[in-house]
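Next come the structures, one after another.
Here come two complexes built around chain A, the first alongside chain B, the second alongside chain C.
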Partner chain A sequence: MNLSENIGQLTPFIIMVVAPLLLIVIISIKRNHLFSWLYTLLTFLLVAITALLAMENPLAEIPLFALDKFTYFYTILFSSAGFLIVLTSYRYFENRTEQKDEFYVLLVMATLGSSALVASRNFVSLFLSLEVLSVSLYALIAYLRKNELGIEAGIKYLVLAAMSSSFLLFGIALIYLETGTMDFGILAESLGPNLSVWILGGFALIIAGAGFKLSVAPFHWWTPDVYQGASSPVTSFIATISKGGMVGVIIRLFSSVKGYEYPSLVISISIIAIASMFTGNILALLQNNIKRLLAYSSISHLGYILVAFLAIPQNGAEAATFYLVAYFITTIGAFGIITILSDQDGEPESLDEYKGMFWKKPWLAACFSLVIFSLAGIPLTAGFLGKFYVASAGAGAGLWILLTVLVINSVIGVYYYLRVITTMFSTEKNEKTLPDLKLLSGAGLALLIIALAIIWLGILPSGIIELITRSTF
Partner chain B sequence: MIILIISTLMAGGLLAWFLSKTNAHLSRIIALISLLLCSAAFLYYFITNHEIILASSGWLEEIHFTWIPQFGISFHMAMDGLSLLMIALTLFLGILGVLASWKEITERTGFYYFNLLWILAGIVGVFTALDLFLFFFFWEIMLIPMFFLIGIWGHENRKYAAYKFFLFTQASGLLMLLSILGMGLIFYQNTGKFSYDYIDLLTVQPEGTLGLLLMFGFLIAFIVKLPVVPFHNWLPDAHTQAPTAGSLILAGLLLKTGAYGIIRFVVPFFPVASHQFAPYAMVLGAIGILYGAVLAFSQTDLKRLVAYTSVSHMGFVMLGVFAFNELAYQGVVMQMVSHGISTGALFLLVGMLYERTHTRDLTQMGGLWQNVPKIGAVGLLFAMASLGLPGLGNFIAEFLVLSGSFQASKVITAVASIGLVLGTIYSLRLFQRVFQGSMHKDWRISDLSTREAIVMGSLIIAIVWLGWYPQPVIDIVQPTIQLVLDQMAMHATF
Partner chain C sequence: MSQIPVHYAMLLAAILFAIGLIGVLSRRNIILMLMSVEIMLNAAGLAFIIAGSRWLQPDGQVMFIFILAMAAAEVSVGLALIVQMYQQHKTLDVNSINKMKG
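What follows is the complex of A and B.
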C-alpha cells in the first residue's frame, strides 16, 4: 500500500495519534483549560469529518487493520460521542481543583484505542488496541484523585482489567496453538465444522475477556462501583465508547468466523445474554443511587445487544449497531445531565436529589425524562426503535426464547425507569437546589443535540438505518 | 382530516403547556378551543360527506406514506364507520373532560392539559392507524400521558395506581409487539417483502398453534385494556385514583380501544383461532359481567363502585365480540358508545360530589337529594342507564348483545343475563346510598353550576338519543361489521 495515495483513509487515525501528543507538548508550555477544551472538541470534529469522507472509498486490505466502512462508521460514532462528552463537561472540570488538561489527552487516546479495536482484523492488533484503551481508562477512572471512591474504582478496574486481559491473551494463545494464525480471515478458513477442545477453550476465554469489557453477567461485578466512583464524564465514556469498541470487534470476529454456526458458542452467548438481562434489571430495581442504577441498566442493555448478536445471519449486525447508536446517545444524555447538575460539592447521585426537579427545571427534567424513556424503550424515542430492530432481527432468526426474556425484562426495566420519572415529577417539597443550566453553553448545546437525536432516531430512523446497512457486513 | 385532528390536539397540548407560565387560565381555554376546532372540522367533514360515508364499505380519508422502508413500515391511516364513530366519541368526551377539569385542576394546569390532549391524540391515532407499527406507536402514546395524569393529579394512592396501570398495559403491549413482529415475519416468508400494513397482514392467516399463539399476543393486550376478568386488576385502582377527567377518559375511551382492537385486529387476523377460543372467551365475558357486578355491589368507595360497573359492562363486549354475528356486533358497538357516555357521566357525577363533599365514602353520604336535587336527578337517570332501562342507550346495547350471543351459546347467555339483575341491584344501591336515606352529616353544598349543567345536559341528550334512535350508529358501523363477519365466514367453518 502506498501511504501518500491513501493518506485520506488514514487521516482520522493520524489525527487521533498526533492530537493528544501535541496537546501534551502544549500543556507543558502553558496550561489553559478553555484552550484544551476547544482543542479537543476540534479534534473530535475533525476525526468525525475525515472519517465520513474516508467512508466513501474505504481501503481494502492492509495487514492487521481493516479500514472498511464498518470501521469508519464506528469511528464517527466514537468521535461524535467523545465530542458530546467533552461538550458537557467544561464546567464540571472548572469546578474541580485537580489539573484539568490531561483528562482531554487521555480521552482522545482512549477513543483512539476503541476505534482501532473496531478496525482490528487480527488478534495482535486487537490486543494492542485494547491495551491503549484500558491503560488510558485506568488513569481516567482515578482522575479526580481527591475522591476516595474514584481511587478505589481505579484500582478495582486496574486489577480486574489486567486479569481479563490475561484471560483474553491465553484464549488467543490457545487458538493460535491449534490454527497457527492470528488473522480473523485465515482463522475462519481453518476452523472445521467441529471445534476442538483447544479452540473451544480459547473462545471461552476470549468471551470472558470481552465479557468483562462489555460488563455482561457474570463478568459485571466491577460495573456499579466503577460507574459510581469515576467522574460522570468518564463513566459516560466507559459506558459508551469503551463498550462500543468491544461490541464492534466482536461483531467483526463473530461474523468472520461464522460463530453463529457453532451451537456451543450460540448457547454460551445466549446464557450470557439472558443472565445479563435479568441481573441488570433485577439489581437495578433496588438502587437509590442514579449512577449505580444506570450501571445495572447498562448491563441489561448489553444483554439486549447480545440478542442481536446471535441474529447476525439475519440482520443482527445492523440491529446491534443501531441499538448501540441509540444506547450511545441515551447514555451520554443521562450522564451528561448528571455532569451538568454537579457542583463543587460533588455529583447528585441519590435519587432524592431529583425530587420535584420537573417543577423547578422543566427543560432539564424534560430532557432527562426523554432519556429515561429512551432507555426504557418507549415509542417516539431512539431506544424503542433500537429494541424494535433487535426484536425484529431476533424474530427473523427464530430466537423466540431470548425475545420472551427480552420482553419480560423490558417490563421489569420500565418499573425502575418509572421510579426515576416519578421522582422528578414528585410534588413533594425538596430543599436541595441543583445548579442551573445555561442554555447558551456547551452543555446546553450538547443536551439539545442529544434530545433532538433521540427524537429523530425515534421518529425518522430510515436515514441512519440506510447508513448502517451500507456499512455493516 | 385525521392528521388535522391529531396535529391540532398535539399542537394545542404543547401550546397549553408553554403558555401556562404566563397565565394558567389560558391553557384551559387553549385546550377547549383546540378540541372545539377539531370537533368543528370533524362535523363539517361528516356533514359534507355523510352520503359517501354511509354508502361506502371501504376506507375513507386514506393517508399513506412510506416511513421506514427497511422494515416495510408505512405511515398508513384511514377511517371507516367504526373509526369515525369512535373519533366522534373521543372528541365529545374530550370536550367534557376539559370542562370537568375546569375547576378541579388548579395546580400545574399547563402540563395537565398537555397530557390530556396528548392522550386524546393517541386515542384518535389508535382508532385510525392501519399500519401495525403505527398502531403500536399510538397505543403507547396514549399510555404515558395517562400515567402522568394519574400519577400527578390523582388521589391519595396515585403512585401505586399509576404504576400498576402502566406495568399492566406495557407488559401486555409488548406481547402484542411480539405478535406484530411474528405477523410481519410470516408475511415476509410468504411474499419476500416486509410489511406491517393491515391490509397486507390480513392475507397472512396463520394457522394451527402458531395462529393461536399469535392471536393470544394481540388478545392479551386488548383484554387487559378492556378489561376481562383475570386481567382487570389495574382498573379499579386506576379509575379510583385518577382525577375526574382521567377516569372519564379511562372508562369512556381507553377501555374502548381494547374492544376496538379485538374487532379490528384479532377477529379478522385470526378467524380460525378466535373461533376456537370463542367459547372460553364468552365464558370469560360472562364471568366478567357477574364478577364485576358482585364486586360493584360490595364497594363502599363510590368511585370504585363505578369502576367495577365498567368491568361488568365490558363483559358484554367480550361476550358479544366472540358470538360472531351481526346482532351481537351491533350490540357491542352500541355498548362501546353508550357505556362511554353513561359511565363517563357517573364518573363526572362522582367527581362533582367529591369536589363538594371531599369524600367518596358511601357510608358518609346519604340524603343528598334535599341539597342537590339536580345532581340527584341526573344521578338517577344515569343509574337507570347503567342498569339498562329501556329508552336509554345501554338497554339497546345489552339487549342486542344478549340476543346475538343467544344464537351462539344459550347457556352462557342465560348465565350472563343474570348480570342485568345484579346491575339493577348495584345501580339502585348506588342511588339509594348517595341521594336517599337520612343525612349523616350536615352537608351544605351547592347544586349544578351552569358549566356542569351543560356537561351533564349534553350527556343526557346523547344517552336518550342512543336509547330512542340508535339506527344511525348501527348504520354507520354496518360496513365494518360486515367486513369482519365476511372475513370470518371466508376462513372459519362453523
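What follows is the complex of A and C.
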C-alpha cells in the first residue's frame, strides 16, 4: 500500500495517535482545563469527520488492519460517543481538586485502542489494540485518586483484566499452534468442519477473555464494583466505547470464521447469552445504587447483543450494530445525567437522592425518564427498535429459546427501570439540593443531542439502518 | 538433534498457566497477585514461542516480545496503583480494602 495515496484512509487514526501526544507536550508547558477540554472536543470532531470522508473510499489493504466501512462506522460511533462524554464532564472535573488534563489524554488514547480493535483482522493487532485500551483504562478508573473506591475499583480491574488478557493470549496461542496462522481470513480457510480439541480449547479461552471485556455472565463479577468506583464519565466510557470495541472485533472474527456453523460455539454463546440476561436483570432488581443498577442492566444488554451474534447469517451483524448504537446513546445519557448532578461532595449514587427530582428539575427528570424508557425498550425510543431489530434477526435464524428468554427478561427489566422513574416522581420531601444546569453549557447541549437522538432513532431509524446495512458484512 | 514433542512443551506452558491462575485466586497480597498474573502472561508467551517453532515462523517470538512490553506497561500502572492503595489503607491485603459488595 502506498502511504501517500491512502493518507485519507489513515487520517482518523493518525489524529488519534498525534492528538494525545501533542496534548501531553502542551500540558507540560502550561495547564489549562478549558483548553484541554476544547482541544479534545475538536479532536473527536475531526476524527468523526475524517472517518466519514474515508468511508466513501475504503479500499486500503494493510496486513494487520482492515480499513473498511465497518471500521469507519465504529470509529465514527466511538468518536461521537467520546465527544458526548467529554461534553458532559467539564464541570464535573472543574469541581475536583485533582489534575484534570491527563484525563483527556487517556480518554483519546483509549478511544484509539477501541477503534483499532474494531479494525483488527489479525490476532496480533487484536491483542495490541486491546492492551492500548486496557492500560489506558486502568489509569482512567483510578483517575480520581483521592477517592478510595476509585483505587479499589482500579486494582480490581487491573488484576482481572490482566488475567483475562492472559486467557485470551493462551487461547490465541492454542489456535496458532494448530493452524499456523493468526490472520482471521486464513484461519477461516484452515478450520475444517470439525474442530479439534486444541482449537475448541483455544476458542473457549478466547470467549472467556472477550467475555470479561464484554462483562457477560459468568465473567461479569468486576462490573458493578468498577462502575461504582470509577467516576461517572469513565464509567460511561467503560460501558460504551470499551465494550463496543470488543463487540466490533468479535463480529468481525465470528463472521469471518463462520462461527455460527459450529454447534459447540453456538451452544456456548447461547448459554452465556441466557446467563447474562437472567443474572443482569435479576441482580438489578436488588440494587439501590443507581450506578450498580446500570451495571447489572448493561450485563443484560450485552446478553441481548449476543443473541444477534448467533443470527449473523440473517442480518445479525446489522442488528447487533444498531442495538449498540441505541445502547451507546442511552447509556451515555444515563451516566451523563449522573455526571451533571454530581457536585464537590460526590455523585448522587443512592436512588433516594433522586426522590422528588421531577418537582425540582422537571426537564432533567424528563430527560432521565426518556433515557430509562429507552433502556427498558418502551416503544418510540431507540431501545425499543434495537430490541425489535435483534428479535427479528433472531426469529429469522430460528433462535426461539433465546427469543423467549429475551422477552421474559424485557418484562423483568421494565420493573426495575420503572422503579427509578417512580422514585423521581415521588412527593416525599428530599432536602438534597441539585446543581443547576444551563441549557447553553456543554452538558445541556449534550443532553439535548442525546434526547433528540433517542427519539429520532425511535421514530425515524431508516437513515441510520441504511448506513449500518451498507457498512456491515 | 532430537526435538521435544510440541505437546510436551504445551503441557509445560499449561502447568505454568495453572500455577499462575491458582496464585491469583488464592493469594491475598496484591503484589503476589500481580506476580501470579505475570506468570500467567509468561506462560501464554511460552505457548506462542512453542507454536512459532512448530511452524518455523518468527510470529511466535514477535508475539512474545509484544507480551513482555505489554506486561511491563501493565505492571508499571499496577505498581502506581499499589502505592496509592498503600498510602490510603496502610495495607497490601486485598480483603481489607474490599468495601464494595452486592
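The working rule: the second predicted complex is superposed on the first by the 472 of 473 C-alpha atoms of A that agree within 3 Å, B and C clash if a C-alpha of one lies under 4 Å from a C-alpha of the other, contacts with A are read in each partner's own complex, and residues count from 1 in each chain.
As a convention for this text, a contact is a pair of C-beta atoms (placed from the backbone, for glycine too) under 8 Å apart; a residue touches a chain by one contact, two chains touch by 3 or more.
Everything quoted here is computed from the prediction, not taken from an experiment.
**Student:** If we overlay the two complexes on their shared chain A, which of chain B and chain C does A:353 touch? Say first, second, both or neither.
**Tutor:** The answer is neither, since A:353 touches no partner chain.
**Student:** Contact-wise, after the overlay, does A:392 reach chain B, chain C, both or neither (first, second, both, neither)?
**Tutor:** After superposing on A, A:392 lies in contact with chain B but is clear of chain C.
**Student:** Using the touch criterion from the header, give the chain among chain B and chain C with more contacted residues in chain A.
**Tutor:** Of chain B and chain C, the partner in contact with more residues of chain A is C.
**Student:** I'd like to know which partner A:415 touches here: chain B for first, chain C for second, both or neither.
**Tutor:** first
**Student:** Answer with first, second, both or neither: which of chain B and chain C does A:380 touch in the superposed model?
**Tutor:** first
**Student:** For chain B, which residues count as touching chain A in their complex?
**Tutor:** 67-71, 107-108, 133, 136-137, 140-141, 144, 147-148, 151-152, 159, 162-163, 166-167, 170-171, 174-175, 177-178, 181-182, 184-185, 188
**Student:** Flag every residue of chain A that touches chain C in the complex, lowest number first.
**Tutor:** It is residues 124, 127-128, 131, 134-135, 138-139, 142, 145, 148-149, 151-155, 158-159, 162-163, 165-166, 169-170, 172-174, 176-177, 180, 182, 224-225, 228-229, 286-287, 289, 292 of chain A that touch chain C.
**Student:** Quick one: in the complex, what on chain C touches chain A?
**Tutor:** Chain C residues touching chain A: 6, 10, 13, 17, 20-21, 24, 30, 33-34, 37, 40-41, 43-45, 47-48, 50-52, 54-55, 57, 59-60, 62-63, 66-67, 70, 73-74, 77-78, 81-82, 84-85, 88-89, 94, 97-100, 102.
**Student:** Spell out the part of chain A that touches chain B in their complex, as residue ranges.
**Tutor:** 359, 373, 378-380, 384, 388, 391-392, 395-396, 403-404, 407, 410-411, 414-415, 418, 422, 425, 427, 460-462, 465-466, 469
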